[in-house]
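Below you'll find the structures, each written out as C-alpha cells.
You will see chain A twice below: alongside chain B first, and alongside chain C after that.
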Partner chain A sequence: MATEVESSLELSLSTSGTEPGTLPPPRSRIFKIIVIGDSNVGKTCLTFRFCAGRFPTRTEATIGVDFRERAVAIDGERIKIQLWDTAGQERFRKSMVQHYYRNVHAVVFVYDMTNIASFHSLPLWIEECKQHLFTNDIPRILVGNKCDLRSAIQVPTDMAQKFADTHSMPLFETSAKNPDDNDHVEAIFMTLAHKLKSHKPLMLNQPPNHSTVQLEAEPKPTMTCWC
Partner chain B sequence: MAERGAAGGPWKRHVLRQLQRRDRRTAQTYNKLLEKSFMLGARKLRAESLALRMELPARSVPEEPADSVGGEVLDSAQMLECLKRSYEEHIVELQRINEELTCEMMERNTILKAKKTALAEQSNRLASVSGQFFEMEATRRQLKDQVEELSRKNAAVKAECDALRERYRRQDLEFRWAAERGLELLKSIMRMKVEAAEHRNEKNERVKQGRLSKELKKATRKPVDIGIEPEEGKEEEQKMARTAVPKPESREKPWRRPFRSASATSMTLTRYVDVFKGMFDFRLKRGNSVSSPSEDHYCRLPSCVAACLPSVVSDTKEAHLSEINAVKFSPSSNMVATGGTDRLVRLWSVAGGRLEHMQMLEGATGGITSLDFDPSGYHLLGASYNNVAQLWKIGDGKCREILTGHADKVTAAKFRSTRHQAVTGSRDRTVKEWDLCKGACSRTINVFSYCNDIACCDTVIISGHHDKTIRFWDSREPGCTQVIPEEGKVTSLSISADQLHLLSCSRDNALKVIDLRMHNVRQVFRAEGFKCGSDWTKAVFSPDKSYALVGSADGTLFLWNIETGHLESSLAAVHGSSVNAVAWSPSGLYIGSVDQCRKLVLWT
Partner chain C sequence: MALPRPPPNDHGRRDCDSKKKRKEAEIYQALNSEPIDVAALRRMAISEGGLLMDEIRCKVWPKLLNVNTEDLPPPPGKELREDNKDYQQVLLDVRRSLRRFPPGMPDEQREGLQEELIDSILQVLQRNPQLHYYQGYHDIVVTFLLVVGERLATVLVEKLSTHHLRDFMDPTMDNTKHILNYLMPIIDQVNPELHDFMQRAEVGTIFALSWLITWFGHVLSDFRHVVRLYDFFLACHPLMPIYFAAVIVLYRAEEVLACECDMASVHHLLSQIPQDLPYETLISRAGDLFVQFPPSELAREAAQQQAERTAASTFKDFELASAQQRPDTVLRQRFRERLRAEERAKALLTTKPRTNRFVKLAVMGLTVALGAAALAVVKSALEWAPKFELQIFP
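What follows is the complex of A and B.
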C-alpha cells in the first residue's frame, strides 16, 4: 500500500533535509483536507480512489496518518489537495489528534452506510473537531461510503440528510469501489476544493461571512503569527 | 642256657624234661580253658532251648582229665535244672515283655497311622496351599506386570504432558515477546507518524508563509491610492508608506521618525513598519565586504510589540556548579542558554514559564564569559576564559568551531548579522572579526585597552573598555571612528533591536543610553542601591526598547523606563548575591537573570 501512493514517511524524509530558515519556492497552494471517521468505513479507499484513480486491492488499518496528495487545476490555478487519511482506531491515533487539526482547511466526515454504528459515532467526531478547531468557518462535509452494497445498507438517506442538516453540512453518498454509484468521489473532492478556493460557503442557507480583505489567502490574519 | 641237641647225655634229658614240664603246664592251662569254654557253650545251649533236651556237649578233649571238669559235670546237672527254671522264668518274663511290647507296638502303629493320615492330610493341605500359592504368585506377577505397564504408560503420558506444557510455555513467551515487540513497533511507527505529521504541518506553514510573503511583496509593488498625510520628505518614509498599504488600519496613525525624542509613543506603529521593512530587505547588505549576497541573511524578525514588565518570579533553578556569567535567550524565545565558570553551557526550555533543562553543551575548555545566539537560533557562540571562543550547533550539541587566536581571556563573542561572521573582544586588547566558515580570524583590531564587551551593528563594531571609553570601529576604516568617554569602566554594551541606541553599563553605577547616529549620550540612569557588581555586569534593553534592565551587586534587578527616564521597578530578594548577567527574551515575556551563587531565575 505504501509503495503505491506517496507515503507520508517518504515525503517527510525528502523534505526534512531543507535548511531551516530558507523558504522553498512556493509553487502552488496546498489545501489540507483531513478525512475523519470510524475504523473501517473506507477512508483509505476514498482517498486512494481520489488520488490514484482506482480502488486499493489490499488495505490494512491505517496507523497514525497517511498523506495522499493530488495536484489539480482549478480556474487555471495549480492547487495541491493534501488529503490526510487519518486512523480510525483510537490506539492508532491517540497522540496525533492535534496534528490532524492544525492548519486544516476542510474536514471530511465519513461513515459506512452499511454500518449504523459508524453513523452513530459521528457526533463524537464532530465534537472532537469542535474541540480542536477554534474557528467555525472551516468547511465540513459528510460522506456516506459503501453505497454499492445496496442490500446491506443500514443508514437510510433521509436519516443521514436530517443529521447533515442539523450540523449544516452537505451530505454525499458514494462508493469508493464503484465510483459511478451516486456521487462520484472525484466530484466530491473537487467540489470541496472549488469551495475552498473561492471561499464560498458550502451551505447556501448559512449567513454570509463578512467580506474579507482580498489579500487574505487564508482565514487567519498573518500578523497574529508573530506575537 | 642253650638247648642243643648235642650229644651230651645229661643235659639233653634235662632239657627234655624241662620241655615236657612246660608242655604239661601249658596243656593243662589250655585244657582248663577249653573245658570252661565247653561249659559255657553248654550253658548257652540250655539257655537257648527251653523245651529242648539238655544236651551236654560231649566235647571232651582227649587230654588228661581234669578234676574240675568232672566236678563241674555233676554240678552241671543241678545247675541245669536251675538254669532251666531261670530260663523259663526268663521266657515268661520275656513273653510278657513281648506282649507288652506288641501292645505298645500296636499302639504305636495306630499312632503312626494317625500321624500318617495327619501327615497325609497336611501334605494334601500343603499341596493345595502351595498350589494356591503358585496361583497367587502367578496373579501377583501378572498384576505386577500390569502395574509396570500402567506406570510406563503413565510416565509416557506425563512426559507428553510435560512436553506440551513446555511447548505451551515457550509459545506463551514467544507470544508475549511478539506482543511486546508489536507494541514497540507500534510505538515507533506512531512516533514516526507524529514526526511526519509535524513535518507536513511545518512544510505547509512554510509554504503558506512563502506564498504570503510573495503576495505581500506583490501587493507592495502595486501603488494604491490611500489618503496618507505627506511626511517630511524622507525617501525612507515614502518607502514605509508603500509598505503600509497591506495594513490599512495603520494608515490612521501619523508616525514620526523614530527616536527624534525620547518618547516612544508611536513605538507600536514603527514596530509594524519595521516588520515589513525587515522582511523585505533581503537586498540590503548587512555585512562588510566579506559577506557575499548569496549568504543567508537573516531578517531580523522583531517579534515583540510590547514587552511586559516582569514582576514575579516564574521559576528558579540552580543552574551550574559555580558562578554563572552569561545568560541569553534564543531568538525564538523558547530557550535560554546559561554559561558559567564551570565550563558548561546549559540550555533550558522556558515553555510555560518553567525552566526545563534541555541540553548541555560540552567541550568548552574554560569558563564561559558570554553567550550569543545567532539569528536563526541554531548556533550558539560562547566566549571563554582560556583565550578561545567556541561555536556550538544546538541540535546535536557538538562544538563546531573553536576560534583561537587571542592571547588572553575572551570577554565577549557576538554574531554579526549573518551566521558566518562573528566578532570577539578580549583582554589582550584586541577585537577580532572571524569568518566562521573557515574558522579563521579575518581582521584584528587593536583596541588599546582591555575590551569588556562588544556590540555589533550592521557596519559598526562597538567595544567597551577598561579605560572608561566606548570605541566605535567601522568595518571600512582601519582606525577608530569614534570614542565616547565614560565615567567608569565599561562593563557591558547592548544594542537595541532597531540598532539605533546603545545601552552601556559602567562601574560608576550608571547606565547610559547612547544614540548611535549622533554618538551622544541621551540618557543616564542611576538609582539608589544600584551598584555595578563586577567588571562584566550586563545590562540589556527590552526588545521594544521601553525598558532598560540591569542586575546589581546585592542581587536586585533594576528596571528603568526609557520614556520617562525614571526607575520603574526593582526586583529584590530573590538573588542572594551579585547578579552577573540579565537577558530579556525577544518575545518580551520573560527575563532571565543569573548570579554568582549559581542561580538562574526566570521572571515574567
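What follows is the complex of A and C.
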C-alpha cells in the first residue's frame, strides 16, 4: 500500500518538469486531496477553515470545482496541501467532477450530522469514488460536520462509526464553525497529511481535552465530538 | 491589450454623456416604431454601453426574448413549494446567495427578494417539467429579478430557460460539457501557444463552468458588469457566453503562460476572475471571434475534444442531441450544410474556405471601432436569428 501511494506522490513531483539526471531544485511535495459529499454539508466551509484559518462569513453554492491550498511543514519538510472542493449537487458529480479525481492522494467524504439524508448518500459517493480511482489503496476519511448544532443531530456517533468501520475509514466528527474547535479541523487534515507523508502509524496530539488518536492502517479510531 | 483610456476631463465626459443621450433616443425610437425594430434593439444591446440603464432593460429585454408583457401569469399559490423535487436545493442555494444583492440593502428587503427568487425559480420549473434545476441557475434568475421584478422576471427566465439555457437544464450535464468543448478550439484559433500550454497542464474546462451556466453572474461582483453582459448575451447566439469565456482566457494569456504548467495552478489562476476587465473591449472581441470562427466551424473540433477525452462515440451523441429542438440544433444543421457546401467548394477550389477566413480577418482589422464590430455580430446574429426565432416565436 505504501509504495502505491508513494508512487502516486512521486507522480506529482515528476510532472513539475525536472529532467532525470539533473538534481531537482528543492520543491515542496504536493498532496492532492478531494473533498466530496452532498450539497450543504459544509465542504466549502471545512476547506476554507483549513486553508484560511477561519469559518467563512458566507459561502455560496459551489459550481464545479473550487481549489484551495495551504503550505505546511511536517517534520521539517515543506508540503503543499491542495484541497479540491467539489459541488454537491448530483448532476455535477456525474459528468463534471471526474476530471478532478485524477492523481488524488486522498479522499475526504463529508456528511452533515444534522441531516440524515446526507449520511445516507455516502454509499453512493463511495461507489462513485471507486469507479474513478484506479486503486483501493488511497487513504480515505469520513468527516461528520456541524457537530456544534448539538440539539439538531440526526446521525448518532455509533451509527456513523459502524459505517466507517465497514468501509475501513477513520471517522471524525467536527465543526467548521465552532470557534472553540480551533485546531480540530486543522488536526483532521494534518492527520491525513502525516499519513500521506509517512505511511507509518503515528501518534497525533489532539487539541486539549481530547484523547490522543492513533491513526494506523487497520485500527479505526473514533474521534467523538466534544462540543 | 488594455485600451488606452482617455484622460477623464470634462470634455470627455460631456462627449460621453451626449453619446449616451443619443443612444437612449435611438433605443426609444426603435421601441416606438411600428412594428418594433427588434434588430435595432439587438444592435443597441451589443454595442458600447449596452442598454445603459435598468429602466431601459425592463422594456428591451422582453422584446429581445419576444415576451408579451401584457399577459403575465398569476402569482403562485402555496402548493408551489409543497411538491417540488428541486425545492430543497433551490432553498439551500438561494439562502446562501447573499452576495448577489446590493450591499447596502436592508435585510428585510433582501429576505423578501429571496422569497420571490425561490417562487420565480419554482414556478418556471413547475410549468416546465422537462427542465432540471442546476446550482447556478439561481444566479441567473436573481439578475432578472433585480432588474425587472418578480412577475416579469419569471416569464423572461421561462423563455430563456427553454432556449438559451435549455442545454444546461437537461437531466444530465452532458450537453453542458459539450458546449464547454468549444472553449479550447476557440483559444487554439487565436493563440495556439496558449492552447498547447493549457492542454499540457491538463487544466480541463471546469474553471469556466460557472461562467457559462450563470452567464458570469456567479463570478462578477459588480452588478453593472453583470447586466451589461446580459444585454450582450440576450441579443446574441446562445453560444456567445463560451466565446466570451475564451476571450477572457486569451486576454490573460501572459499570466497563464507565466504560471506553472499544472492543473492546480492554471485552474486556480483562471477561476479567480479579475474584477477590472475591460468589458467593452472584450465584448467586441468576443463578437469578432464569433464572426471569424462561427460555432459551425468549430463543431468538429469540439466534438473531437470530447472523443479524445471519453473515447466514446460522440458523433452519435451529437446526432442524438441535434434531433432535439434546441437552438443548438440550428447550428448543427448549419454545420452539416456547411460540410456539404465545403465539400463542393473544395472540389472547385481547395483554398476557398481559408481565403474566406483571411478576408474576414482583414475586414476585422479595419473595424477597430466598437460599433462596427458589434454590427458584424448583429449581422451574424440576425442571419441566425430568423431560424432561432421560428422556435422562440411560434
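Heads up, the rule we're going with is that the second predicted complex is superposed on the first by the 163 of 227 C-alpha atoms of A that agree within 3 Å, B and C clash if a C-alpha of one lies under 4 Å from a C-alpha of the other, contacts with A are read in each partner's own complex, and residues count from 1 in each chain.
Just so we're on the same page, a contact is a pair of C-beta atoms (placed from the backbone, for glycine too) under 8 Å apart; a residue touches a chain by one contact, two chains touch by 3 or more.
These numbers were taken from a predicted model, which means no experiment stands behind them.
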Task = Based on the superposed arrangement, let me know which partner A:39 touches: chain B (first), chain C (second), both, or neither?
result = second
Ask   = So, A:29: does it touch chain B (first), chain C (second), both, or neither?
value = first
Inquiry  = Once chain A of both complexes is superposed, is A:59 in touch with chain B (first), chain C (second), both, or neither?
reply    = second
Ask   = Of the partners chain B and chain C, which touch A:89 in the superposed model: first, second, both, neither?
value = second
Ask   = Considering each complex separately, which residues of chain A are in contact with chain B in the first and with chain C in the second?
value = 15-16, 30, 32, 63-65, 67, 82, 91-92, 94-96, 99-100, 102
Ask   = Can you list the residues on chain A that touch chain C in the complex?
value = 15-17, 30, 32, 39-40, 58-67, 69, 82, 87-89, 91-92, 94-96, 99-100, 102
Ask   = Which positions of chain C touch chain A when the two form their complex?
value = 89, 92-93, 96-99, 132, 134-136, 138, 171-174, 176-177, 202, 204, 206-207, 209-210, 213-214, 218, 260-264, 267-268, 271
Query = Which part of chain B faces chain A closely enough to touch in the complex?
reply = 186, 189-190, 192-201, 203-216, 219, 246-248, 272, 275, 296, 298, 301, 303, 305, 376, 378, 587
Remark   = Contacts from chain A onto chain B in the complex sit at residues 8-9, 11-12, 15-16, 19-26, 29-30, 32, 63-65, 67, 82, 84, 91-92, 94-96, 99-100, 102-103, 213, 215, 217-218, 222-223, 225-227
